[in-house]
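Here chain A shows up in two complexes: once beside chain B, once beside chain C.
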Partner chain A sequence: MIRQAIVFPFREDLLCRLRGLAVVPRVQSLENIGDVLNPIYHAGANTRCVLVESEVPLTSAGLHQGLAGIPVALAVPRLGPLSDFFRLLPVLRQLSIRVFLPIGVEGNLTTLRILSSLGIGTTIVLDGKEPDWDGLADLMTYAFFGQVPHASIDPFNYLGDNFDPGSRNEFEAVYFDDPRAYLHLDPEGRVALTRDALKRGDFLAGDLESIRNGIEGLEAFRSRMSAWSDHFLALDACSTCPGWRVCSGRFARHRQPDDNCRGFCAELLDNLEQYRATRRQPVTSWQP
Partner chain B sequence: MATLILKATEKCNSNCYYCDVVRKEKTGQSMSLEMLERVFIRINEFLMGRPEENLTVIWHGGEPLLLGPDYYRTAVKFQEMHCAESKSRIGHSLQTNLTCFEEEYIDVLQALGIDHLGTSFDPEPHMRGPGRPCNSDEYNRRFMKGLHILERRGFPWGLIYVVTRKSLERPLDVFYFLSNLSTGKGFSMNPVLIYDEERKDVAISPEEYVEFLAAIFPEWWEHRGRHGAVQPFQMLADNIIDGKVTLFCGDSGECARGFINITPDGNASQCGRSEDWGLLQYGNIKEKSFEEIFQDEQRTCLEERTRYLKEHDCKGCRFWPLCHGGCPLDGYWNTKDFMNKTDWCEARRGFIARHFEPVTGVRFDPEAFEKRISHVR
Partner chain C sequence: MPEIFLTEKRDGTCEHPVFGVRDPDSPVHRMSWENLIYAADFLLASGERRLVLSGGEPDLHPQFPEMAAYLLERGFEVSVSTAGIAGKESLEKSESLLSGYPLQRFHFLLNLDPFLEKGNENGRQEDLERFLQVFGGRCFPTARLTDDRFSLVEPIRMISEFGMSRNLSLGLRHPMFGNDAMAPEPAQVRGIVDRVFSFAPLMERFRIQPILACGWPMCCFNDDHLAWLGRNSGRCDFTCGPTIGIGPEMTIWPCSPLYRFRNRSLFEFNSLSEIHRMYLDLFMRVKVESAGIFIACDTCRYRDLQRCGGGCLVHNLMTFQDEEPLRLPEVYP
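Here is the complex of A and B:
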């Protein structure tokens, strides 16, 4: 049984293979979203969310009230003009949307904070460019300890909600990139474990049918799940990083690990422990 | 609680730089099934004669998993066959390098009652592994493969790290490496024990061991919840701060009557090192019961030692209750006389006085600790 949600480039000819599965259709724009969701519904699949990988700014992404109730993960390169954004804000606030922004683009750390403070969930995208580590640390502190009500900033808040001090903590799921939660299809329906594997053309199976009994017993899956130990075999800087258990090498994936990312991850771990220790527990009111 | 160190094999698939087992002339022996059956018969005989006693079997080597899973299936059968009434008082643990660990071991080890594996690792190249220089790449790959099986199956494990001269270059990196690898499960950092000239290049002095621990201790203390039970820190915190009594064999002053080491051919001795050095040999289990072995007259010298040191070398030492003069074998090495305290005495005292107490702000109270020991005993 396949327990993962299937991330796939939306094509109607793939739908017949997705019956009974949770799916995440990948599209380039929000136009004609009904033409995506209706066929999925009629094919008997269950849409977890729509992943929109847009090349235009948020303000030009075609957001409209008709998207209300549809979970959307919207990846955009930047915000766009602030004046346009504030005109769009009343619509945006009615949507079930999470905005993904690359942190290598100037101004995006500020944008992430603005969106969060306005109640819009965000996710930072590690795009391989050297981040502004101080700015990123400020954003992290805001995500955990900002006193003003604000929406989550992932992966920080995801880690905050799921942090296990006695384990390695991974947050790839926020990028649809954890094979325990997501699998990826190419346009021909071949299955890859991760987004990187999809890009490389490294496929786990020729189609979903051949993994219908699940992937947990497959060597490729096990190998992916144990890939963390490569850092220890290589004796690289991640293996001795004070913040290893909240990163597992993720922040260093597109760069050489150095004192910048080590310092950041150590602070992330400190903040997580503090956040978990001080987080307000839900209060149950007395009732007669 | 009695402890049986069972060296069921002296074969090893590794040639770790600091290990003495591989240097012994008699390496390569494994315990026959006939002798293994005798061990369980002796265990039962001992426990039936002492209805209040428990016994822990530590499977040691060599590399005990070289014996193969069928060997352990036979051990389960012997335990069922010969220890039907006493098996609830038998515990097992196993120390392995994990490099030949396979999935099929899990069920049989659990059937034997092993619910935790002890292992060891060294990030420093060429310290562990087959061949000379040690092929640590191959060793480490196989170790990780074993570790992944344990993790996947949720089987608990613990880690020992041997502190050598190479460790001294970057103590905190070593510490983070081990903490990251074990992710809060804790580990032990034991000093390397070198008794020959050939390998002096990795030996460390007690003072160097203190400095190694001192570089790490403030980080552990501040984040001890994160790093888990790291030894020797946790043991000191338990004893000095948390009102517990946790003493290892060499520190308890009570090893005299509690331990038996058994070699593949059934010879009994005090412990692994006493066997290596030809000391405190108690005969063969083919002829002697465990009770006879535990009552061996030679053991009285260890009891005498504790009494003697308290009145002489260690008189007035406020850390006596934590140490009791340390391991008798350590004390024996330089003078060939058991009536000496361990060479590592200054390391223990120095670390507690100069680092543990100032960092934690807690001073060891020997009288209160003595009372707790009396209560426990």
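Here is the complex of A and C:
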């Protein structure tokens, strides 16, 4: 049985293979979103969310009230004019939306903070460009220790909610990139474990039917899940990083690990421990 | 009500060399988004939901309309202290972004000082009229009085013509601690009060309800004045206390005239009440040394009853500057 949600580029001819599965259709824009959701519904698949990979700014992405109730992961390069954003804000607040912004674009760290403080959930996208580490650390501090409630800034708040101090922690799921939670299809229906594997053409199976019994027993899956240990076999900089437990090499995936990312990850770990220590645990009352 | 300075830059209408700005065009002296968000969080966490956007001239901040909209979206009641938004483009952007908010949540404190003397409008009449055509109904007029030669005729005409609030805030122009800005001497205050009341019939005819801003000493008003104010405005507060200003670099100060006095950083505090308590304690210490702007304040029963704060504290502090430093160390900058 396939437990993962299937991330796929929306094509109607793929839908017949997705019956009974949780799916994340990938689309380029929000136009005619009904033409995406209705066929998925009629094909018997369950839409976990719509992943919109837009090349236009958020303010031009065509957000409208009709999207209320549809979980949307909207990846945009930037926000667009702030004045347009404030006109759009009443609509945005009615939507179940999470905005993905690359941190390599100037001004996006500020945008992430503005959006979060206004109650819009955000995710930072590590786009391969060298981030402003100080700015990112400031944003992390805001995410964990902001004085008033704000929407989550992932992966920081995801880690805060799921942090296990006694183990290695991963946050790939926020990018639909954790094979335990998501699998990826190409337009021909071939299955890949991650987005990178999809881009490389490194497929796990030729179609979903051949992994009907699940992927947990497959060598490729096991190998991917233990890929973190390669850092220790190679004895690279990540293997001695004090922040290893919250990064597992993720921040160094698109760049050579150095003191910048090591310092940042160590601070992330400290903040997580402090955040977990100070966060009040929910009071649970007796349940019948 | 706390005051956030968006920029230290000011336009030509402000005669005050406000804060001896170093380089007003430098981004360092403009409020950044990060600092604005921190300040907004800080105030909300302190339970404060009202603030004044000020400066300099706040609309000279390139992102003034967006920042005002942001604060409104965070749930604040925002007052903007301004001499009028100059520039057609800035006005249009402000109108499209801000005119949809209810009056109670967003309004302007419009500085009418240039109109207290005929011919002193600095050529901005056209800009101001354009601003008032759009936002006149959202303006609460204010005037700071420097001497007893002013006239309230033009301000009253403008209030009437542009549908501004009939609550005219009248304040004394106070000296600025740390610079030589022009301000009336304590001995001139009675003359200014008399001049204000010479416009009482006009204010009554036009239903203007004056509100006294902070810093007026009560003894400069006779019983007839107080009775008139009681009948016509009902808001006579002669006390003096910190209002708290927050600068672009997160510097804080107790109130505008004390912009350069005992500055601290907002980052040092956990709540607004903590800051308030600190400055209130400082005010009390100054008043132990010198109760008010007049010698008679030291023995005034209305001061003991806390009906009057003895005028603006900055006068006391300026006096201390001219004498041997024999007082409590806290009262010096």
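In this text, the second predicted complex is superposed on the first by the 282 of 288 C-alpha atoms of A that agree within 3 Å, B and C clash if a C-alpha of one lies under 4 Å from a C-alpha of the other, contacts with A are read in each partner's own complex, and residues count from 1 in each chain.
Throughout what follows, contacts are C-beta pairs under 8 Å (C-beta built on N, C-alpha and C of every residue); 3 or more make two chains touch, one makes a residue touch a chain.
Quick caveat, the model's predicted, so the values are computed rather than measured.
> Taking chain A as the common reference for superposition, should the pair chain B and chain C be classed as clashing or as fitting?
fit
> Of the two partner chains, chain B (first) and chain C (second), which one does A:R279 touch, if any: first, second, both, or neither?
Neither: A:R279 stays clear of chain B and chain C.
> Which of the two partners, first being chain B and second being chain C, lies in contact with A:R222: first, second, both, or neither?
Only chain B is touched by A:R222; chain C is not.
> Does chain B (first) or chain C (second) touch A:R19, or do both, or does neither?
neither
> Taking the superposition as given, does A:F232 touch the first partner, chain B, the second, chain C, both, or neither?
Only chain B is touched by A:F232; chain C is not.
> To the nearest 10 degrees, give me the chain B-chain A-chain C angle using C-alpha centres.
110
> Now for A:K129: first (chain B), second (chain C), both, or neither, which partner does it touch?
Neither: A:K129 stays clear of chain B and chain C.
> Chain A residues in contact: does chain B have more, or chain C?
Here the partner covering more residues of chain A is B.
> Contacts for A:R168 in the overlay, against chain B (first) and chain C (second): which applies, first, second, both or neither?
In the superposition, A:R168 touches chain B alone.
> Output check: A:R87 vs chain B and chain C. Expected answer is one of first, second, both, neither. What do you get?
second
> Using only C-alpha atoms, work out how near chain B sits to chain C after the chain A superposition, in angstrom.
26
> Sort out for me which residues of chain C touch chain A in the complex.
Chain C residues touching chain A: 32-34, 37, 40-42, 44-45, 63, 65-66, 69-70, 73-74, 93, 96-97.
> Which positions of chain A touch chain B when the two form their complex?
165-168, 222, 225-226, 229, 232-233, 235, 239-242, 244-245, 269, 273
> Mind pulling up the chain B residues that touch chain A in the complex?
123, 125, 137, 140-141, 144, 147-148, 151-152, 172-174, 176-177, 180-181, 183-185, 225-226, 228
> Where on chain A does chain C make contact in their complex?
On the chain A side, the touching residues are 82-83, 86-87, 89, 110, 113-114, 117-118, 138, 142, 146-148.
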